[in-house]
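As written, the chain order gives the labels A, B and C, with residue 1 at the start of each chain.
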Amino acid sequence: MRRLILPILAGVVAVIGLALAMATPPDAFQGDFARIFHVHVPASWIAFLAFFVTALGSVAWMLTRRAFWDRLAAASAEVGVLFTAAALLTGSLWGKPVWGRFWDWGDARLASTALMFFVYLGYLALRRATIDPVARARRASIIGMVAVIQVPLVYFSVNLWRSLHQTQTIRPDGASMGPEMLGAFLVNLLAFNLVYLALLTSRIRLGRAQEEAAASSVPAGSAITAPRLDPI
Amino acid sequence: MALVTLQHVSVRVSRLLILDQVDFELAEGEVVGLAGPNGAGKTTLLHVIATLQPVSTGSGAVLGASLGTPGQRLIRPSIGLSGHDPGLYPELTLAENVRLFARLVHRPLTEADTVLAQVGLEGAAGRRADRCSNGMQRRTDLARLLMLRPKLLLLDEAHAGLDDDSEILVDELVRRVRSEGGGCVMVSHDATRLAARTDRIVTIRQGRV
Amino acid sequence: MRRFWNHVMAIAGRDLRIEGRSGEVLSVVLPFAAVAVFVVPLATDPLTTDLSALAFPVYWLVSLLFGMQVALRQTGTESTMQRRQLALAGVDPLARFLGRVVAAATLIFSVTLFTLPLVILFYDPQPLPPLLPTTGTVLLFATGLSVLSTLAGDVTVGLRTRSALAPLIVAPLAVPLIIGASRSLESLSRGGGSLAWTGLLVMVDLALAMAAVFAARPMEEATI
């Protein structure tokens, strides 16, 4: 029952966030299409968070060799791929009516986010290809740490290249959106965080159960017995 | 002083239990044989002793260095390992392979030529390894071990597939190591060979001694 | 310290000697890269397409793909026993890694430098960037790609899907190198400076070098 608290809470906050997003007045220039902002931006931020958690889990595994950190890193990468896909999809759906095309190569942040998606597909492919759990944790943790170089590059690319994408809307000196829109956005951001946590914890639990089921206390050599040749 | 002590060592690879609570000791000047059926864990135990295979549980020490500590890097150059695969670089000549090893272990390069002559490969020293037979490659591996003069010699089916001269070389290698206070662990399926060449035999079955 | 660098040079020398004997880069990868440069204009109409605009994008793409091929070449891949013998010889895993990176960077630099005049020949880019800064940019690119590809090669060693998996890992992670190198050359061609982009290349190279220093020893444990 306790395991259901987080998913239920995430669902409730998500519904509230969705309602608030629909209730805010339409944007002066983008009209109702701007509402997709409440999904696209939180999805992007959570994707970045997820990949940082993967890197942290990777470093922690390297330092402690405790299986939990590897499970955390793997689970966070899987969830991160999901949110990155959501960010790319919603970005494309937003781009078509606003920019006139689904994909804009002039948008450096969009291209960099797509790259981040591929980096972590490679990370998950590496995990899948390595059978031994210790070797898998070791190899994946190395790539997890190296891959996080990409994440700051995505975020700061908006400042580095000329881009059609709007510059960071939430800045340390204050946001450039109205208070109603800001409120709805923050609720949606909270919802996405809760969904991320719910998915992460479930995936970690599943990973542990899978490992426990696969572990064997029977010596490997017991599978080999003396031959029993029947007469021809 | 014991060259090798292993206490309750277990090794799990890909979730499979390969070694189960193994105790093992090797004294100075001792030659111990490892026997057992296929899949018993003999090669894995050899690699644990070589400090190349991490243990899942248990403890031990090899040449004074505890397993799983940075200290084991320092004693590795005193370990000689020989198996089915001589580990030569196919594009390099036999001499270049041994000279590369000499450079890595800080021996004079001329020693490489000396040991190749000692194993009877002087005439083939300039031949690429991929143009030499497996027997010649394994003799080159023995030359490398002669040059190394290891304190701990680990042989994994080292006699299998060798001609009589090469077998003599292996025996000579073991004799030299033993006479200098070192030790040897020898894996073989050939019970007769093990009985003739070792002080005692340890039998492994299903990962247990 | 001296022993460490002695090992680095021994490993690098080994790899370059093996390449000299096998010719995998010189007689296979290099001609293949040349073919790729030649074939691209044939995928469009070379008489009407502005090939000069394609010149440097094609150059960096070929450099990336064939640079990876160089670093992941078969003759540069050590067998399990070879890795074990190096470990038992007391070679520091970082020295072993650096030695291989030095050799791979030398070979990648050679391939990319050779490909440049081919691109100029077939695509006629105008104006051309100055030679010395261009060489510096190519060298920084080759170094970063060498570190990244060698690292990817190490984490995929022994895996049956290595030939596809290692490039899948390298290609997206190499994008900062591509961006820095291509923008640098673009800026140099226009007569401008390339300090910012060179700075990006140096930063990426340093970040990769730090990652390699951190990863070399744990990687050895996974592969011997």
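Keep in mind that, in the parts below, a residue touches a chain if its C-beta (ideal position, glycine included) is under 8 Å from a C-beta of that chain, and two chains touch if they have at least 3 such contacts.
Since the structure is predicted, the reported quantities are computational estimates derived from the model, not experimental observations.
Undergrad: Select, from A-B and A-C, the pair of chains that is joined by more C-beta pairs in contact.
TA: Greater number of contacting C-beta pairs: A-C.
Undergrad: By C-alpha centroid distance to the whole-protein centroid, which chain wins?
TA: C
Undergrad: Please report how many Å separate the Cα centroid of chain B from that of chain C, as a whole number.
TA: Between these chains, centre-to-centre, one finds 37 Å.
Undergrad: Report, in whole Å, the distance between the mean C-alpha point of chain A and the mean C-alpha point of chain B.
TA: Chain centroid spacing, chain A to chain B, equals 47 Å.
Undergrad: When the centre of a chain is set as the mean of its C-alpha atoms, what distance in Å lies between chain A and chain C?
TA: Result: the chain centres lie 30 Å from each other.
Undergrad: Spell out, as numbers or ranges, the residues of chain C touching 2 or more other chains.
TA: Where chain C meets two or more other chains at a single residue, that happens at 221.
Undergrad: For chain B, which residues are shared contacts with two or more other chains?
TA: Residues 54.
Undergrad: For chain A, give me the residues that contact two or more of the other chains.
TA: Expected reply: 134.
Undergrad: Considering only the defined contacts, which chain B positions touch chain C in the complex?
TA: Touching chain C: residues 50, 52, 54, 73-74, 76-77, 79-81, 83, 85-87, 89, 91-92, 96, 100-101, 103-106, 128 of chain B.
Undergrad: Which bits of chain A are touching chain B when the two form their complex?
TA: 131-134, 211, 214-224
Undergrad: Can you name the residues of chain A that touch chain C in the complex?
TA: Its residues touching chain C are 62, 112, 115-116, 118-119, 121-123, 125-126, 129-130, 134-135, 138-139, 141-143, 145-147, 149-150, 153.
Undergrad: Can you list the chain C residues touching chain A in their complex?
TA: Its residues touching chain A are 148, 151-152, 155-156, 159-161, 165, 168-169, 171-173, 175-176, 204, 207-208, 211, 214-215, 218-219, 221-222.
Undergrad: Which part of chain B faces chain A closely enough to touch in the complex?
TA: 12-18, 20, 37-41, 54, 205-208
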